[in-house]
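A, B, C and D are the chain letters, set down in written order, and residue numbers restart from 1 in every chain.
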Amino acid sequence: MKKLINAPEAVLSDALAGIAAAHPSLRVDAEARIITRAGGPSAGKVALVSGGGSGHEPLHGGFVGTGMLHAACPGEVFTSPVPDQVVAAARAVDGGAGVLLVVKNYTGDVLNFEMAAELAGDEGIEVATVLVDDDVAVQDSTWTAGRRGTGATVFVEKIAGALAEQGASLAEVAEVGRRVNAASRSFAVALSPCTTPAAGKPGFELADDEMEVGVGIHGEPGRSREKLEPASAIVATALDAIFADQPLAAGDEAIVMVNGLGGTPLIELYIAYAEVAKYFAERDVRIVRNLVGDYVTSLEMAGVMLTVCKADEQLLSLWDAPVNTPALRWGL
Amino acid sequence: VDIHQTRIWVRAITAAMDQNKDRLTQLDSAIGDADHGVNMQRGFTAVAAALDGYEPAGVGDVLVKTGTTLISSVGGAAGPLYGTFFRAVGKQLTGPVAEPAQLAAAFEAGLAGVQKLGAAVPGDKTMVDALAPALAAFGAAIEDGQDVGVAAERAATAAEAGAQETIALQARKGRASYLGPRSIGHQDPGATSTALVFRALAEALTS
Amino acid sequence: MKKLINAPEAVLSDALAGIAAAHPSLRVDAEARIITRAGGPSAGKVALVSGGGSGHEPLHGGFVGTGMLHAACPGEVFTSPVPDQVVAAARAVDGGAGVLLVVKNYTGDVLNFEMAAELAGDEGIEVATVLVDDDVAVQDSTWTAGRRGTGATVFVEKIAGALAEQGASLAEVAEVGRRVNAASRSFAVALSPCTTPAAGKPGFELADDEMEVGVGIHGEPGRSREKLEPASAIVATALDAIFADQPLAAGDEAIVMVNGLGGTPLIELYIAYAEVAKYFAERDVRIVRNLVGDYVTSLEMAGVMLTVCKADEQLLSLWDAPVNTPALRWGL
Amino acid sequence: VDIHQTRIWVRAITAAMDQNKDRLTQLDSAIGDADHGVNMQRGFTAVAAALDGYEPAGVGDVLVKTGTTLISSVGGAAGPLYGTFFRAVGKQLTGPVAEPAQLAAAFEAGLAGVQKLGAAVPGDKTMVDALAPALAAFGAAIEDGQDVGVAAERAATAAEAGAQETIALQARKGRASYLGPRSIGHQDPGATSTALVFRALAEALTS
C-alpha cells in the first residue's frame, strides 16, 4: 500500500488538520469532527448538513460555504459518521429555520443520520432529510438496500444550498433537493481499484485489460467485469444505462458531470467529456452546464462517473446562483 | 448472569474484535468497503474505555452503555445495528442479575430492534443470518432446561453456522447487495462478527 | 496500460474537443492547437501565452481566462508545442501591447518558444519571455539544462496575468513574472510512476515500499529512490530542500501550493498540507495563501509537489486579484 | 549526391523512424519522458507528406523543407535540433547536385547549428555524441578520397559507436541531465536516432 499518510488510524484527524489550516473560510472542530462555515450560522436561513465516509474528497467538506453546505460530518474512511457528529453539526449551524440533512443512500449513512435526526429533533431543531440515490448501476427494489447515492449529491447540495441561501423554508429546500435527486442519474466505471488505509490492499484486482463496470465509490467491485474499451464505448455504456432509466428527449436540457474517481488524469476526463458531448448532440439533448473534474472520489481509484440531471428553469437558475466553497466557486 | 459476567462478556468481545480485525476487514473488502473490522475494533475499544470505572446498577446498564457507545463510535451500518441490539437487550434487563429466560427474551428484543432498524430478514446475507439462529438455539436450550453456559455454546455454534451459510447467499441488504449475484461465494462480515459476539458470550459464561 | 482514451494518437485532439465542449469561456482552435479566451484579445493589454506538453492538466489550458493566460499551446503528451502553435497563439491574442511567453525550463520548451518568439517578432508582435525554473531537486549549473520549471508556473501565470489585466506594460509584466520565479522553489516526490499513452508502460517501476524523491513532471525517475516514509517525513524532505535553497526567516510570508501529481487522493494532499503548516509554524514563517489540489500534474502519477513562493505586498495583492479560469477562480 | 538520392535518404529515415519508434521511445522512457520515438516518427511522417509532390530546385531545398517540417511537427528538444540540422545543411547546398566535399562542409554547418542552439558538447550525452563522430568520419573519408557511399558507411558506423558510448556517460544536457548519476547506464535516445539518420544515408548512397 502506497499512501501519503502518517498512519492508517490518523488519516481522518490529519486530514481535518490540513483542511483547517488550508481554508480560513472553514471552521474545523477536531473534537466533534465537523466542518462548518467560519462565519457561523445564518440567522433565519435553512442550513444544509451533509456527511459520509471520508475518502470522497472534495465531498463533503469541500462544499461547505456560501450557497452550499453549512456543515459537513466526515466519518472514518468509507464509514458513515456517527449520529453525535451530525447532531453537533446541526446544533452548530441551525440558524432557527431548520436543518436539511443531505444523506447518500447507504444503510450506514441512512441509519446514523436517522438517529441523528431524532436526537436533533429532541433538542428542538427542525430537521428534514433528502436521500440521494442516483446510481443506476444498482437495481432498485424495496427488497434491497436500494440505489447508492453518488454524483447527484453535488447537484443536490449545490441547488438546495442555493435555495436555502435565498431564504426559502425548510420544506421548500427539502422539496427542491428531492426534485434534483429525482431528476439525476449516475453510472461509474473503474479502471483500477482503490485501497483503504485500514485494509492495506485493494478491494478487487483487475487485469491490465479489464475494467469494472457499474462501480460505487467505496472500492467495492461493480456489477460486472468487462474487457477494457475505448473511452467512447465506456461513455456509451454509462449513458445508455442512464438514459434507459431516465429518458431524455430531443430538446431537453441537462446538467452533466464527468467526475474523476480520484486517480484519473484530467486529460482523460476531458476525453470522456468529448464523448459525452457527442452522445448528447446525437440525441439533440442540450448540455447547458457541466462539471469536469474530481468532485466525488473513491480514494485513488482510476475511472469515471457520469452524472446527468435533467434541468429546468428553476434548477438552472439555482445552479447558477453564487457559490463559494473550496471545491466549487462562481458568481462570488 | 450477573454484572461481572456481563462485563467479562463485553471484554471478551473487545478481545475478539482486536484479534479478528483484519479478518473482518478482509471479508468486508471482498463484498463491501473494507472497514468492518476496523469499525468493530474502534467501537469495542471505545466500549472498554466507557465501561472502565462505570458503576452499573444492573446487567442491562452495562449493555445499554455498550450499545450507546457503539452508536457514538462505530458509524457505518454496524454502529447503529449493533448499538441498537445491545441497547434493546440491555433495556430488558433491569436487575443486578438476569435469569436465563429473561436473557433469552431480551436477546429476542435485540433481534427485533435490529430487524426493525435494518429491515433485514434471514437469508438477506446480513448479521441477522447469524443472530437469528443464535437466539433460536439459545432460547431452545434454555427452554430445554440447559445451563446458560451450554445455551451460549449452542448459540455460538449456531451463529458460526449461520455466518458460514451466508457464503451461498446473494445479498439483498447492506453494501453487498450492490454486487448482485457477485456477492455469492463470500461470507458476510457482519454475520461473522455476530458469531464472534456469541462465541465471546460462551467463553464468558463457561470460564 | 489502463487509460480512459480512444487511441494513443488521438489523446490530444480528443482532449481538445472535450475542453472546447466543456468551457464556453474558451475558444479552442483544433487546427492550430491553441486554446484562447473566447472573448478574443484585450486591446491595449499585455497577453500571456504559455504552453508545454500535455499531460499536466489543468496546466496550461485550465488557466486561460480573465486575470491569467490569454492562450495556451498544448503539445503532444510530454512534448513541448511546436513554434507554429506559439506563433498562432501570439497572433490570436496580441492586443497591441505585446505578448509575454511563460516558458518552463526544458530544452524542448525553451527551443520551440525561442523559435516562436523570433517568428512572432518578425511579424511585428512585441514579445518577452519569462523562464520558469523552480525545481530544486535539480542541481543548477551553467553546464547543464538547469532547473526544471514546475509548480511555480501557476504562480507566475497568476501573478503576471493579474498585472497584465491591470494594464501594465510588457516590461513590467515580464519583470513581475521573473520576480515570482526568483521567489519560488519546488520539490516533488512520487509514490507511483506514470505511463504515457505512446509508451504504454511506466517510466520506472517502484516496489511497494519505495518512493522516488525529486521527480519532475514527465514520468522520469527522480534524483534518488528511497524507502517509503510517513507524510511528515516526505514533507520535511521536500521543504528542507526548498528552504536550503531559499531560506525563509521568521516573520516571512509565503504562498504555498500542495500540488497533487494526478493520482493522489485529495485527502492525502490535505494530510500533506497539515504537515506543511506545522513545518512553517515551527519556523514562524506565515503561509498567507495556499492552494491544495491538482494544478500541475504528471498524468496519473501518485505523489506530491510542494511549491513555496516568498510573498511580498505586490505579489500578494496580485495573487488576490480576480481570476476566472476553469481551474482557478476567485474575486469574479 | 543529387536530388533523387536526397529524397531516398529522407525516405529511408522515415522508414527507420517507423521501425524504431518503440525502441527510441523505450530508450527515452528510461532517462527521459518516453516520447522520442513518437516524436521522430510524427516528424518524418510529416516530412514524407511535405516532400510528396514538392518540386525542389536543388538538393538543399529537400533538406531545408525537411528541417522546416520537422520544426513544425515534432516539438520537444528533437524538433528544433533536428530541424536546425537539416535546415543548416540544406542552406549550404544550393545546386541540383552536391559534391562530396560540399556535403561534408554542409554537415559541419549542421552540427554547428545544433551546437549553437543546444549548447551541447561531445560527452554531454546527446545527439551530438553521435553527430560529431559521424561527421568526423564522413569528412575524413571524403578527404581520403573515398567514395561518398563509403564515407556514409563510415559515418553511420561512427554514429552507432558514438550512440553506444553514450551509455557510459552522465548526461549534462537535455532531460536526462535531471537524473544526475542515474542517467549512466542508458543509451541516449537522440544519439540513437542520429545513428539511424546516418545508417539511412549509407543505405541511400549505396543502394
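FYI, contacts are C-beta pairs under 8 Å (C-beta built on N, C-alpha and C of every residue); 3 or more make two chains touch, one makes a residue touch a chain.
Everything numeric in this text was worked out from a predicted model, so none of it was measured.
Between the CA-based centres of chain A and chain D the separation comes to 54 Å, rounded to the whole angstrom.
With centres set at the average Cα position, the gap from chain A to chain C is 29 Å.
Centroids of chain A and chain B (each the mean of its C-alpha atoms) stand 32 Å apart.
Our note on geometry: chain B versus chain D, Cα centroid distance of 74 Å, whole angstroms.
Looking at chain B, no residue sits in touch with two or more other chains.
Of all residues in chain A, those that touch two or more other chains are 77. Chain contacts in this assembly form an open path, with each chain touching only its neighbours along a single line. In summary, the structure contains touching chain pairs A-B, A-C, C-D.
Per the touch definition, chain B reaches chain A in the complex via residues 25-26, 29-35, 37-39, 42, 71-81, 117-118, 172-175, 177-180, 182.
Within the complex, the chain A residues that touch chain C are 1-7, 11, 14-19, 21-22, 54-55, 57-58, 62, 77, 191-192, 206, 208, 211, 228, 230-232, 234, 258, 262-277, 287, 290, 292, 294, 297, 299-300, 302-304, 329-330. Interface residues of chain A, counted against chain B in their complex, comprise 53, 75-84, 106-108, 111-112, 114-115, 137-139, 143-145, 148, 196, 198-199, 201, 203, 216, 218-221, 223-224.
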